[in-house]
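A short write-up of the structure that comes next.
Chain lettering (A, B, C and D) follows the sequence in which the chains are written, and residue indices restart at 1 in each chain.
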């Protein structure tokens, strides 16, 4: 069974404009994806596509004016969206753990690292202080922090960015989560440190048989560290499939552009034609949202495109998925 | 960083400030339009009498020499003599310090005890009814003139209801004063076990303290709310929520992270409200340092004004040092700042 | 190639930049003796992680920050110790494009005025001439003239970066410094900006210094590349040589940490231990010895100099090149 | 957590059209009812000040010797004071002092504070350091005591009160502008302006000033409230404006002695007027700051 099932998730930004009229930004419109045990799903997309919002919607941490208006998020069969705050708290940090992109500011500045690790452990299980402490040492070792016992008494402001990210991963692992959500876990870290952290994450996921979501804007991260990927555009997922399939045979015009826009492909003379800015989330066009910037757009695209299967577990939301002419080359 | 080094460094910063303040007050009074000689000599004085008085006050010497004399005297604890009370200014003020501190500490203390929880509650539910009411209360406190509030209180609680004594002094006219230990009637009567005096002192204290507390609570509410909201929306608290920590644990974390800035703010309030306290003393004829200072300014008693202003500066610096010290003790990042 | 014969536009010798830390006897060693030169029409790529001093070099060369020591010859004229006021007229000939286009433009000025500002400052053009030139520049960076009357907040990131580029080329400068011009942009926008930069490179004879941490992009644009580590040049070579035949162990590990957007790419990954040391306490000898897998005792003591590695246009600073044991795989 | 990215994108796609000043005022007050009410109160008192001659039923300093301390009646809506003057007329006339002191004092504070903040923030160095220490030094004194002492020492004319309040308040604006400039000085667009070859005066006035001034402007209403309050306090203490000038603080001073003998109206009405005007200014200022800095409303 799937660990996480997200179905038709819709999140809107509801605000009032200068004339007090209600304005709705369709930030997420019908997100559907699954995560299985032992696999890493990479969610890629550009700024404003809704990647982080998807993670925040899943764990119920939206800031107003963002609000979930529809859909389901099932974790081991239970719908997280209809759950009480207390029930949700029993799952967050326990079965579902988050790794965020700004580790240094995300730690409690007034508690020692060790106390924070222990606090998370004891918030979710009946373990004793001593047991939680030894678990903390174990996890600090697992994430490759030298002198873990010593580091337990360090303050967050004493850590470097890379070290803080490791601590955050250790915190995420304290309660043996079933699902790990990493939101841009390496943004702001150096290239060489990024590689260390991602290697570590992948290693841990395989070893502990967790499911994981890595949210990133870097196709390189997805290509090298994920099993499956979901491509987001304007608050929707336009394509999902195994990393190999999607890179090899992108079925959606947007995905195909993304892949062609990487320096590697540009180097060999590929050309990406994006055709303008993403649509205004306050005034999404009818039908396919990619229509206005798609070079293959036709009459049919004014109706909402179906999810078309183009391979085994490889789907794309496009009327012509898999039938696109290869004009790009 | 060790405490000694911390302390020495702070002192190094304080000394030039003190010298500057002494110089500033000196210049202000000497160069300003006040003519103490004229005041002392009276309208019928002759030119010779003027010169004699001038020489007595050391005003016939050049300015820098006057400053040298003044600073030398200040260092010896000689702040000159008030010509209103014809007593040494230092003695005048030392007598009155506990009297004013009593009012100030009670007022700001109660203001903080009321203000901090209100600010926190408002922050935990922004834009709720409680938030709006507390915000209006806070704005109101910012806008109400201290002395007018005092007058209204006297009218309602003394004239109309007869619950409070008239706003003159710190203890009933018919009540004998307790033997002096701390200099405040409330404490001294308690020490002496004199319940009549205690009740009288307390009843005299209530109205002025309430006024100060109301005025003090307003900015405390506003800042506590702002600080708490900032903490609540910080990455750290959001991450704590994402980790499924129980609501109570998260709240405790918010409180701890808000503690230092709130404390610092209450400390600065303590020095800022010296002005408010002075006005309250003036209205209630409290007879403390504040009233003394205001009277000195109004009547052009310039040695007393100099002493008073110097005292205020010392008090502020002392409070800031204490805040710094407390922050140093409770804040792990203090050495970074 | 003529570039080899002409005299360089920019020639930097022994450039040092130390920043005070606020504590006595402590400085940040941002740049520690760097030599390089760029000829007309040449693009030099400058690669390094954060703290490597690459941005500081760019800013020092333009005298946006004062060099601690060293010589900067711009078109044969020594500018390192020139008074600031004397530098100002030179700025017509040296321009810069910054990383973050959202903050690089005065939000209170209209786009037209922003592009025309260098013309206003450095030419005697009339208002009408500036207008015509601005329109022409907008055309060159493929920016619709409709945007000229707007404020920066109305433009997208890509459009803003086009404005920055138009501003930088307005006075036909002899030297253009590109400080991470694409790294804050989304993939779709990035491709367009890279194309534009390549186009402009074709059109001008200006010398270009391209600073980036993104290896893929650097390779795409540069003729030659310098690799920086802790404020020192560790390798200097033709662009392709750096990628295919890196001599310095640091460059090799940097290359292996780079994540190509291709799931099938064969990667031999050598994840470095630890993080970049603090530029406050510089390691002795070779700055890289603390993380270097092939370091020997001597690396601790002797500071290596740039020496030929392979052909004479390829230089690296590593003691182990001598005994041929500089390969980390 | 990372919602910057999303909000940035939203900002990007929702460029706001240009609005006229009037539309802006309407729009802003809709977003903050507090500011709207505050503005209403300010305008009300502004009208009182401007139209005082037409609104006052009596001359403000005319003595009705036979009507000393009359309680409110239909003839004297707010009663008469100890000199037999009509309090209602005096309260209306008093609005002129509120504005007449606050506006020039704040303008003076802006005129001094903004250039000082710009220059010290941009240049830094010794002058900046010394000036900031001086401002710190001033902060050890409660503002009312400082204003009182300076006015008492330098002369008690109305103009002098305005000058002293303006000068004493200028550090507030200098600080706000300075801290904005400090933040902007290292920002990329200023660096870009230097790289483009801008001379210093253009950096200061074309690039920094328009971006640094918003914070100072947001403070003006609150500082005006401060000026009104402090000037009334001075008058209450008998410094600066003297009775029987119909200034609210001076009127409260006149009424103080009658409070414990029951003639409440003498001090009550000028006090209410004073509170309302100060409250209006504070509400407007608070609302404006809230609109300019929406983070203060944040989330649960």
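The working rule: contacts are C-beta pairs under 8 Å (C-beta built on N, C-alpha and C of every residue); 3 or more make two chains touch, one makes a residue touch a chain.
Quick caveat: nothing in here was measured; it's all calculated off a predicted structure.
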Ask   = If you check the contacts of chain A and chain D, which chains show up for both?
value = B, C
Chain occupying the middle, per Cα centroid = D
Task = Write down the chain pair with more C-beta contact pairs when C-D is set against B-D.
result = B-D
Query = Between chain B and chain C, what's the gap in Å when you average each chain's C-alpha atoms?
reply = 57
Key: Separation of mean Cα positions, chain D and chain C [Å, integer]   = 50
Message = Can you work out the whole-Å distance between the CA centroids of chain B and chain D?
response = 23
Request  = Return the distance between the CA-based centres of chain A and chain C, expressed in whole Å.
outcome  = 32
Task = Find every residue in chain D that makes contact with two or more other chains and list them.
result = 1, 8, 12, 299-300
Ask   = Residues of chain A that touch two or more other chains: which are they?
value = 47, 61, 63, 98, 100, 102, 106, 277
Key: Per-residue overlap in chain C, given as positions that touch at least 2 other chains   = 156-157
Interfacial residue positions of chain B with respect to chain A in the complex = 233-236, 238-247, 249, 253, 256-257, 331-333, 336
Request  = Would you pull the chain B residues touching chain D in the complex into a rising list?
outcome  = 16-17, 20-21, 24, 28-29, 32-34, 124-127, 135, 139-140, 142-148, 151-152, 154-155, 158-159, 166-167, 226, 229-230, 232-233, 235, 238-239, 242, 271-276, 278-279, 282-283, 293-294, 297-298, 300, 305, 309, 312-313, 316-317
Note = The chain D residues in contact with chain C across the complex are 8, 11-12, 15, 187-189, 191-199, 206-207, 210-211
Partner chain B, residues of chain A touching it in the complex = 59, 61, 63, 85, 88-94, 97-98, 100, 102, 105-111, 119-120, 123-124, 155, 157, 171
Contact footprint of chain A on chain C as seen in their complex = 49-51, 156-158, 186-192, 194, 213-217, 219-220, 253-254, 256-265, 267, 269, 271-272, 275-276
